[in-house]
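Look for chain A in each of the two complexes below; its partner is chain B in the first and chain C in the second.
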Partner chain A sequence: MECVIIGGGAAGLQAALHCRRCWPEKSVLLIEAEGDVGYCNPLLPQFMAGQVEEEKLFFWQPAEDPLLQIRKGIKIRSLDRPTQSLNLDNQEKIRYERLILAPGGQPILPLLRREDLPEGIFPVRTLATARKIRDWLLKHKEIVVLGGGLVGVKTAAYLQLAGFAVSLVEKEDHLLPQALTKPSARLVERHLQRLGIRLFLGCLLEDIQEEKGILKSAKVSGQWIPGETLLIAVGSTPNIDFLENSGLLQDKELLVSPALQTADANIFAAGDAVTISTSGGEKHKPWTWPQAVTQGKLAAENLFRSVPLPLNVLTRPNSMNLQGLSIVILGAPTPDAAIISHDRTAEGIYRELFLRGRKIVGGALVGDISGAGLLHFLMINGSEVDGDVARFLKPQSRVFYQLLPSSKRQRRRARILFPKEMLS
Partner chain B sequence: MKVIGVHLDRCTGCKTCELYCAVERGSNGKTLLKAAQETPLPQPRLRVEGNNEFTFPLQCRHCLQAPCLNACLNAALVRDPETNLVLVREERCIACWTCTLFCPFGVIFPWPERKFALKCDRCAFMENPVCLEVCPCQALELVELEDFEKIPGQRRAEVGKTLAGKKEKGLLLLDLGE
Partner chain C sequence: MTHSLHREGTISSLERDYALFIYPARGFNYNGSGPKVRRIMELLYLEAPSNMIVSTLRRNLYSGVRPEEVLESIKDGARIYSAFNNREKLKEALVGIKKLDEGISVVVSGLIDQVREMAAEINLNPHTINLSLGIHGRTDRLPPPDIRQFTTMCGHGMVSPALVRDVIRRIKKGRLALWEGSIILAAPCTCGIYNPHRSQEMLHDLVPLYTVNRW
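Presenting the complex of A and B:
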């Protein structure tokens, strides 16, 4: 087989489809451990809550293409680089000419490495488990969500809105600690509390209690919270155990260049499984959906290029719409960055930017996300913002003109505003 | 592909284009009077930007390398194979607003009341875009993008002027990178 792709998530599927577009002569095989390819993970909270039907999750259906083969329900056990082959769990061996690794992440399961776990404990990550959760929730209405990051917050909000009684547990003292500062997180907390969610901030899961093989309650910083369901959303680690003896891992990380090439020139990797290491020695883990899609496509383009091209943007901004509260995360707060903020907490709006010198290095917009695209553009371009940076913080959607150099602002000329390939 | 060009010298910032975009493309009633009574209030797909010195209507550029396309979480944003335009399939949109964060021009707008992202589709199925038809100053014009694409970057501005025939009023390409 000419191109083999491991993993049919956001990165792997895009890699496969793009491979067919870029290299129409080459045959492509995609191997996915689970039974589903082409669904939208970010919609899983709504799906579990019963608000979105399963067929709505799928954004792609296979079309007739003799050179694209998709094999589901088969797991790769190991990679043998000297023979350029993969060992599958059904004992089959597959040879590849070029390989893209897109195995994504697996949920971290804290404290629960026990064998005899009661029923009712599920990680939030894949459609297969989401189906089980949805079935389970038909009979069980009290839920504890562990993890106040993006996935935990979304899961808690949608389930509460669907009529469940949700408690949300986060070990830091505020929600979305990797993305928001305390004051901006305060608005999110208020919103969730208004929906009726019980928040347990600065709390750790210590123990669980069961009754007849079913979860009964969870002990959180000394306090027992009743609930037959524990949903775990404390993040993920790369799904790279099968690469253990491949020689591609360094300190348990799958390192790739900005061109997404691994230590083996024939093997590329993309998505939530990779750590991108720049020539300056910086490491990036931009694990988000847009990045997975962009990386999957780039890996496919680079497969047969003599000089693979690098990824341009390494940021991991994110956006969330929690029914009534919009949140945009541009980048995480860092200790050395200055913070400027536009605080209208009383109206449910808090906008902040993190600056190093005159450059935007991160920020968050809560309650009013206008101007998000421009701020993100300024950030990824590393533009020095001249004049009063705070003007971008005021909620307003019409700010594009502020980015135009003054020479372009003369009225006398007719112009087409045209982006060229500025972000290519 | 045809895109909407703007004659900066003609735009007076009257926002007629915005108004009629909302009425024609966002309302059920299709008349100003009926549209104004609808809830949610119809929204335009373009916005007039600017300040006291200069104004111009800004709408989706249908970028050749459109960052919004890769960002969409649910494949709601697509490039139409026939027209090459970037479109939102509104029925697929999950209102996550991720695309609004990736469009550097800020021309995808959340429409929370209707639960989808709103952007200009250049009225592709109509003979002319509404904004262009209604502009009292004829500040908008449909231009063939390929004509510009064939010209190497540096010379684009010059040739653009010649194309339009009038030195100071020629069509010029503008991007943020310069």
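Presenting the complex of A and C:
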């Protein structure tokens, strides 16, 4: 086989499709451990909450293509670089000319390394487990979500609104610690509390209790929270165990160059499994859906390119509407960056930028996301912001609305302003 | 003896890289130094340095030269240049040299804190200390820092940045193993203090960061 791709998630599928487009004469084989390819992980919280039907999750349907083969339900056991081959768990061996690794990651499972786990504990990651969670939730209404990152917060919000009683546990002292500072996270916390979610911040899962083989409650920093369902959405560890003896890992990380090439010139990697390392020694882990898509495409393009091109954006911007609260994350807070903020917490707005020198290196807009595009543009171009930096932070909605015709103004307002009823 | 002072790299990497020189000096102990240097050389062979050269033969440990050939070549005025990748091994070598007490000048080069500590541990009192004050001038013309970690290991700058890149390219294409690449880089260094063990580690770290652009 000429191009083999491991993993049929966001990065792997895009890599396969793009490979067919860029190198039409090359055959492509995509191998996926699970039974589904071409669905959207970010919609899984809505799916679990019963707000989105399964067919809506799929954004791609296979079409007839003799040079694109997709094999599902097969796991790669190991990689043998000297013979350029992969060993599958069904004892088969597959040779490759070029390889793209896109095995993604999975939540970290604390404490739960026990063998005899009761029913009701699920990691939040794949459609297969989301189906099980959806079925399980038909009979079990009390949920504990472990992990206050993006996945945990989204999962908690959608399930709470679907009528479940949700408790959200985060070990740091504020939500979305990878993306927001404490004051901006405060708005998200208030929003979730208004939705009715019980928050346990700065708390660790210590133990679980079961009854007749089913989870009954979870002990969080000394306190027992009742719940028959524990959804684990803590962090992400790359699925790279199968690369253990391949010589591609450094300190348990799959390092790639900015052109997504691994230590082996014939092997590229993309998505949540990789750490991108620049020659300046910086390491980036932009593990988001848009990045996985971009990286999958770039890895495919670079496979046979005479001059492989680097990824030009290494940040992890993200935007979402969390049941009425708009959030744009430009980049994570870093210890050495200065923070400037525009605080209108009473109105449900908090906007902050992280600056190194006069360059924007990150930031977050909560409640009012106007000007996000401009700020993102300034950030990725490394532009020096001159004059009064704070002017970028003032919500520009009002000026912006005045320029719009009134019908559009109404639509715009509905989309991006903080709903009034939430404020009361 | 400044040529070994400008090795660049991270502290954790430099902690495993020391240069040791044995230098007879004209007018002091030059005449009759041959047998003394030879005895020191014999001792150093037992301590397994990472690399070593004697000025009378200029063939490093990995050139295929036999120890007898090296020892045979030693005559009055011969100097030994060696590199160690292990602090403890270097300490043992220094203890041995001290015991031999041949009266020939010994220079150790490495991270100053580490070298001072080592000297204290084995009860040696350095009589002269040279410190590197960094590199000045048109530094923009130098190769980038990651490549300089390799090129500065040869005190005379004989390891070319282009060779380093070429070795990285060949390793990434699977044509060379890390150690083989390291030996190739060590070959042009005629001062014999290029440390291939450290270079192997650095190649391992650096290989993923570079993208090969010629298939």
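Keep this in mind: the second predicted complex is superposed on the first by the 396 of 424 C-alpha atoms of A that agree within 3 Å, B and C clash if a C-alpha of one lies under 4 Å from a C-alpha of the other, contacts with A are read in each partner's own complex, and residues count from 1 in each chain.
Just so it is clear, a contact is a pair of C-beta atoms (placed from the backbone, for glycine too) under 8 Å apart; a residue touches a chain by one contact, two chains touch by 3 or more.
Only a predicted model underlies this, so the values are computations on that prediction, with no experimental measurement involved.
Q: Scan A:266 for contacts with chain B and chain C and give back first, second, both or neither.
A: A:266: touches chain C, not chain B.
Q: Tell me the contact category for A:319 with respect to chain B and chain C: first, second, both or neither.
A: The answer is first: A:319 touches chain B but not chain C.
Q: Who touches more of chain A, chain B or chain C?
A: After superposition, B is the partner touching more of chain A.
Q: Of the two partner chains, chain B (first) and chain C (second), which one does A:337 touch, if any: first, second, both, or neither?
A: After superposition on chain A, A:337 lies in contact with neither partner.
Q: Figure out whether A:258 sits in contact with chain B (first) or chain C (second), or with both, or with neither.
A: In the superposed model, A:258 contacts chain C only, not chain B.
Q: Scan A:306 for contacts with chain B and chain C and give back first, second, both or neither.
A: second
Q: Between chain B (first) and chain C (second), which, if any, makes contact with A:133: first, second, both or neither?
A: neither
Q: Quick one: which bits of chain A touch chain B in the complex? Just the residue numbers, please.
A: 40, 42-43, 46, 59-60, 289-290, 293-294, 297, 317-321, 326, 328, 330, 369-374, 376-377, 397-401, 403-405, 408-424
Q: Please output the residues of chain A touching chain C within their complex, sorted ascending.
A: Listed in rising order, the residues of chain A that touch chain C are 81-82, 248, 250, 255-259, 261-266, 277-279, 281, 302, 304, 306-308, 310.
Q: How about chain B: which of its residues touch chain A in the complex?
A: Touching chain A from chain B are residues 3-10, 47-51, 53-54, 56, 58, 61, 63-65, 67, 70-71, 73-75, 92, 94-98, 100-110, 112, 143, 145, 148, 153, 164, 168-178.
Q: Could you please specify the touching residues of chain C with respect to chain A in the complex?
A: Per the stated touch rule, the residues are 144, 146, 169, 171-174, 204-205, 207-215.
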